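First chain A sits with chain B, and in the next complex the same chain sits with chain C.
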Partner chain A sequence: MTDVAETTATLPNVVYHQIGKPLVRTDAPGKATGKTPYAGDYVMPGMVQAKVLRSPQASARLVRLDVERARALPGVVCVLTARELPDRLAPTDIPGQTGQARLKTDQQILVRERVRYHGEPLALIAAESTDIAEHAMSLIDYELAPLPGVFDPAEAMQPGAPLVQGEDNVVARHVIRKGDIAGGFAAADLVIERTYRTQFIEHAFLEPEVGLAWVDENGVVNIRVSTQVIEHFRFIADAIGVAHNKVRIMGALVGGGFGGKEDITVEVYLALLAKHTGRPVRLEFSREDSFMGHGKRHPFALTYKTGIKRDGTITALDARILSDAGAYVYLSPYVLLYAAVAAPGPYRIDNLNVEAASVATNNMYTSAFRGFGAAQACIAYEQQMDEIADALKLDRLELRRRNYLKTGDPIATGATVPSAIWTERCADLAWQALGERKEPDGPLRYGRGIAAYQQSYGRLTFLHDTSEAWVGVEVDGTVIVRSGVTDIGAGQASALAQIAIEILGVTMDNVVVYNSDSAVTPLAGTTTATRALYMTGNAVRLAAEAVRGRLLARAAQAFQTSAEHIELANNRVSVLDNSARAMPFAELVKMCAADGIQRQELSIFRAPFSDKLDPETGQGQAHPDYTYGAHAIEVAVDTETGEVSIVQSIACHDVGQCINPAAVEGQIEGGAAQGQGYALSEEMIYRDGKLMTPSFSEYLIPTAMDVPKVKSIILESRSGLGPFGAKGIGEPSLTPVAPAIANAVVDAIGVRIYDLPITPEKVVRALQALDGGSETKSGDGGTVNR
Partner chain B sequence: MASDRAITLRVNGRSITTAVPAHRTLLEALRDAGFVDVKRGCEKGDCGACAVLIDGVAIDACLTLAWTAEGRTIVTAAGLGKDELHPLQTSFIEKGAIQCGYCTPGLLIAAHSLLAMSPDPSEDEMRFELSGNLCRCTGYSKVFEAVKDAATKMAAREAHHD
Partner chain C sequence: MDARFDLEMPESCEEALTLLAQDGAVPLAGGTDLIVDLRARRREPRLLVSLDRVAELRGIAAKNGRIEIGGRTTVTDLVRSPAIATAAPSLVQAGMAFAGQMVRNAATVAGNIASGSPAADLVPPLLSLDADVTLISTRGERTMPLAAFFIDYRKNAGQSDELIRTISWQRPPERAVNAFYKLARRKGDAITVTGVAVTVAIEGGRCTRARIALGAVAPTILRAQQAEAMLEGKALTPALIEAAAHEAAGQSRPIDDIRASAEYRRHMVKVLTRRLVSQAAERLG
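Take a look at the complex of A and B:
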């Protein structure tokens, strides 16, 4: 269900033949007929099956590890422990082609002595069958001596807390300071301070981590793997001690990622086992392995103190942000930086102080997840906006209107956003679409909430991101696109096809995309950070435009006119305003071939490069650009059971330009469902570091019974940095959903629950406390009237 | 290790004979026999990615022991269309109901089972019958659109045949 608003674009209208149309994605038919092979569907002659033995304790010393009985089991091919490995670490830093110095944050490949989290791998097994590998696991004898652990980041910061590793549990700090914070609070009529908490979340992609590795005739370790990042090949090579050109990663269509396949998962284990056994090795995580085997979304505690004038103008914000990094650093510093930059949200706050820290614990390590820290910040700033509106008795949208960033305003880091900022229009449209308010019905109380956001697309500009793509035309008029980009389900490859055919004037049935091979396809960078369309889409645009330029020149010669008078569309070449003068596209390509004109191009796209943010003030450029929008929610809360159901879920985003509106809607609908789980039902529960929710029976993602029909209102400012003015929508679609739900629940029952998820138990307890007359608010701090 | 026993399974119109131990699940047996469109998601009946039709009814293959399926008719997602695509496959493609696609085979099977029981399902019926199939990408909206669209197409086809 979409309303694409009539164009209010900042660029002149142009007629597209392929862009902006809901074309069938190139990957859809294969997936619908069961023909598409995923990484786990490949087999090789002589292949062995692998398993990972994991620590059942979160903080311990490995006293003894005896694998001799397992090795002696018939059918066991190889058992590896840390003793058999060189003393190398598995890199956990930000992936990709950046030349920046890496953090010293790596993880041991297998436990040598110290276990730091529940599930940390102790040993690898390869056997003739999965049954034998599982049997062998049960024959490994080990002894773990428990060590004191630390499971709360605030405790982990205290002097004397058990150290997770190194000399300090604080793994990262970021500050953002601008304006006059004391003056800003002095000018305020009202100061509100609250703490908002978020939980550990699991990506819950349907396809668990899986891969197949073998060493080829050139000594290259080949790994066919489900990953968002084929360019981990360099880190994998470093981890196993071979040259970078001796590891090749071949992706496959990925069965969901959401950030959970951004770090290395099975690759290093596979590479080691393939080298040790000399045979092809397959490793597939079980669901429990998957829940234990990749980083989670960071829990955050965000304490927001905002100064406001009676008219609703924000005079100052002091935000203290604390995230749980878990047992290894991974991408925690970057997630924290995103949260700090996003801290004031889509609001203009000139007096700003943000102090953010990420702290190691013996919980599961945390890393990338759709929204990447900016989502957690949104949960704080949008709940606080509602609390401010309530305190001022001001309409929630009106309060926001008085503070939105406008196009051209500086954001938290002092940089200005290069694109249009349409937050106000998005929030108003989403809110209006909710329609008439519903009256209470028996135990049901209805409430509505809004949340607006700012979410970056493209990687941090100090990482100097680039992306490459190759476009060529065959002599029969068909088009080939080659690019390393991984397709994790959003239609990344299909979008590249749609861009190439728009520029070359052919139709979707005449294009094939080859992607995701680190040795063969041009390196395109990661499918992360809402960057694939922006970066690789632009690389394809550049390559296709170069080819188009040569084709047009040849066509102009053939028709004895100038190139500006030639149109390429729908597999035809024609002279504008003279449709009689035309030829098939293939005819033109043949002419080029006969003349030896180059019919391919390899292009590189470079994002804006910047220095790192100023370490004292956090000022500078952080990201290339940002997407803006809002989500409106209507809930029904059952005051007897505490159950919250979503009645209406309405998104309005400025996506810049739809490449494929059906794919954009798909992102928005999926983001709405994930945000709903984040708000209401999902939590990875760790008790003293031990995972209590190891399956989908305990970890509850939304089902077909839970998610309402999502309405998407899509605006196109055509002002983004992506191809044709596109912005990114992968992460933005999720970011505002959970706070909109939290605000809707307050609207329904009159009490706020400060720690997600908003479970029925918490709702019932909050209502009981309300009935008891004692107003309990779990958000620390309070409201001060000055 | 239990000793293996030869069993014959009828899958997508083909007969396959395979030797399996008693504890081998239908999911493992089908994948080992090359029917890799049957997806492994949780191996405990939570996610529905491995759903297959057994005598027309959607069953999680991970909760079914392979030997119990002997003599019964098994259809996987790849076996839904014969010479042309099944209307459910066409509708899933056309309505954009597929993102990563890993849950798609199971959803197609569950939807097929639903439409066999109830050719014109209500929204509630559809939500209930598909609730055993987890999808993390789509938010289900386009899946419902696709199933409704397929039901319409199939009804029209029935009417045409009458």
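Take a look at the complex of A and C:
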């Protein structure tokens, strides 16, 4: 369901022929008819099947590991342990395109001596069949001696806490200091301090990790794998000790990523086994493997102390942020940085102090997840805004209106946002769309919540991000796009097609996209950080514009006019205002071919580059740009059972420019469902590091029965840095959903639950505490001072 | 799945029973429980006896006010049956809240009963209807109250060679309400946190029958008999309902697990019993 509201574009109106239309995506027919092969569908002659043996303990010393009985089992081809991998480590840092220095966060590939988390791999097995590999797993004999572990990040920071690795459990710290924090609080009429907590979250993509690897006749390790990042070929090469050009990653259409396939998953195991066996090796994670095999969303504790004037003006914010990094560093420092930068949200707060730390524990390691720290910050800042509004007895939207960042304002890092900031409009439209309030019905109480946000698109600018794409025109007038971009289900490849055909003036049936091959398609960078459309879309735009320029020049010659009078549209070339003078697009391409005019282009797009933020103040540029919007929610709460139903879920985002509105809606609806799970039902529970929710019968994502129809209100400021003024919507669509739900629940029942998820039991306890008049808030609660 | 077993697909009940008399033989109906257990190696049967082709075990019949359903009847069969819709509304409510559509198409009534799970959603409704269960083997047939079938956590009175042939019950009187509420952490495909089924009949302003069955709050699904006794023969005033609901909660013996605490479950027994009995009293008022 979409309302595309009337908008005031910041660029002159342009008529598009392909952009902004809900065209059938290039990936849709194959998926709908079941013809699309995913990475797990590929087989090869002589292929062996692999399995990973995992530690059942979270913190232990590996005393003995005896694999001889497994090796002796008929049909077992190879069993690898750390003994066979001398000194090899796997990098866990963010993959870069430009050779930036990495953090020193390499990880043992298999347990050598110390087990640091439940599920850490002990051994790899390759066998003639999965059954044999599983049987072999049961024959591996090992002994683990439990070691004291640490499972709470606050405890892990205390002196004398068990060390996860190295000298210090703190794996990252970030600060942001701006303005006069003491002066800001001194000027406040009211100070509100609250702590908000979030939980471990699983990506729960439809397709668990899977891949197939083989060593070819040139000694190149080929890996066909479900991944968001084919650029991992460099890290994989380093991990197995070969040159970077000796590893080739081929993607496939990915059955969901959400950040969970941003890090290396099965690739290094596959590469090692392919090298050791000399045979093609296939490794498919079961759902249980998947739950143990990739990093989770970080639990955060966020303590917000806000100073406010009676009129609702925020005078100061002091935010203390703590995240659980789990047993290995992975992307924790970057996730933490996103949270710090996002800490004030879409609000102008000139006196700001943010102190953030990420701390290692013996819990599952945590890494990228849609929203990347900024989502956790939103859960805090938007609940805090409602707490402030309540304390001031001010309308929730009015309080926000008085503090929104406006176009051109500086954000937390002091940098100004280059695009339009339409937060107010988005929040007002989403809120109005909720309609009339509903009256209580028996034990049911209805409540409404709003959350606005600021979410970056594009990577951290100090990473010096680039993306490449190639666009060419065949002699028959058809178009080919080549780019390394991985398509993780949001239509990343199809968007590139739509951009190329808009610029070249052909139709969707005349374009094919080849993507996701690290050796053959130009490297486009990761499909992460809401960057694929922004970065690779721009690279395709540049390449297509270069080809278009040459085509126009030849057409101008043919029609004896100037290039600016030529229009390319719908597979035709015509002279503007003189439709009689026209020819098929294919004819123009043939002319170019006959004249030896170059009909293709390889382009590179560079994001803005910056230095790192100032380590003392956190000031500088962090991201290229930001998306703004809001989500409005109506809930029905059963005050006796505590059950929360989502009645209405309404999103309003300024996406800059829709490339394909149907794909934008898809992102928004997916974000709404995922955010609903975050708020109400999803939680990876670890007890002393041990996973208590190992399958989908314990880990509860919302079902079709739980999610209402999501309404998408899409605004287009055409002010973004992406092609045609597009912004990103992948992560932003998720970010405001959970806090909007949390706020709606408070509106319904009059009491806040400070730690997600908001389970029926927590609702009942909160209501009982309210009835009892006691001050037993489930969070730390907080005090309102004057 | 590294599991080794033989599979037989008999076409008659008699043939199936002969096969089940063998050591290590296990009946396979919908498989929604058994296959999961095989995959996790919680069970390692030698022989699976598929009941797919045993037509006589599947079906719903109503005779002389008595409803009889075959053990092999699926949950989808139940929720689509007009006879069940009038004779056991609670069973339709449980069926509609049972797992997801694909599981409902495969899962059977006998399988749900035999699993012995305290969270089996069809069982509280059947207990609230005073259902009997008929077991059959090569040694003969026996019928017992369903309430007597459950012994302890995942332990029941059936022998390894027995099949649940039928489940049957007397249609409740006209002036009766039969209802079920499944409380879970989400609306679809969820394991029950607390399930309550009630049958309440009222004649001449007094409760003539009260049945309260509780799911997921004890090692087995159980009837809250003291609470039932408090209601029977009395006018259902709010105070009496409250007291009976409190009593039902007292009879539950829930545990803490990742889905909910024992304390919350006990409280929910009270809330849901009160709610269902009150609604029944209101409708029959």
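Here is the rule we use: the second predicted complex is superposed on the first by the 781 of 786 C-alpha atoms of A that agree within 3 Å, B and C clash if a C-alpha of one lies under 4 Å from a C-alpha of the other, contacts with A are read in each partner's own complex, and residues count from 1 in each chain.
To be clear about the criterion, contacts are C-beta pairs under 8 Å (C-beta built on N, C-alpha and C of every residue); 3 or more make two chains touch, one makes a residue touch a chain.
Computed from a predicted model, the values in this text were never measured in an experiment.
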item	value
Partner chain(s) touched by A:Ser681 [first = chain B, second = chain C, both, neither]	second
Partner chain(s) touched by A:Asp131 [first = chain B, second = chain C, both, neither]	both
Partner chain in contact with A:Pro760 - chain B first, chain C second, else both or neither	second
Chain B versus chain C as contact partner of A:Glu640, first or second or both or neither	second
First (chain B), second (chain C), both or neither touched by A:Ala704	both
Partner chain in contact with A:Ser603 - chain B first, chain C second, else both or neither	neither
Partner chain(s) touched by A:Gln108 [first = chain B, second = chain C, both, neither]	neither
Which of chain B and chain C A:Ser719 touches, first, second, both or neither	neither
Touching partner for A:Met692 - first (chain B), second (chain C), both, neither	second
Chain A residues touched - chain C or chain B, whichever exceeds	B
Intersection of chain A interface sets (partners chain B, chain C)	131, 135, 697, 702-705
Residues of chain A that touch chain B when the two form their complex	1, 22, 24-25, 27-38, 40-41, 131, 135, 203-208, 253-258, 284, 286-287, 488-491, 662-663, 665-666, 669-674, 695-697, 701-705, 707, 709-710
Of all residues in chain B, those that touch chain A in their complex	1, 21, 36-37, 39-44, 46-47, 49, 76-78, 81, 85, 89-90, 92-94, 96, 98-105, 108, 126-128, 130-144
Contacting residues of chain A [partner chain C, same complex]	130-131, 134-135, 443, 640-641, 643, 645, 680-681, 685, 692-693, 697-698, 700, 702-706, 759-761, 764-765
Interfacial residue positions of chain C with respect to chain A in the complex	1-2, 100, 183, 185-191, 193, 258-261, 264, 267-268, 271-272, 275
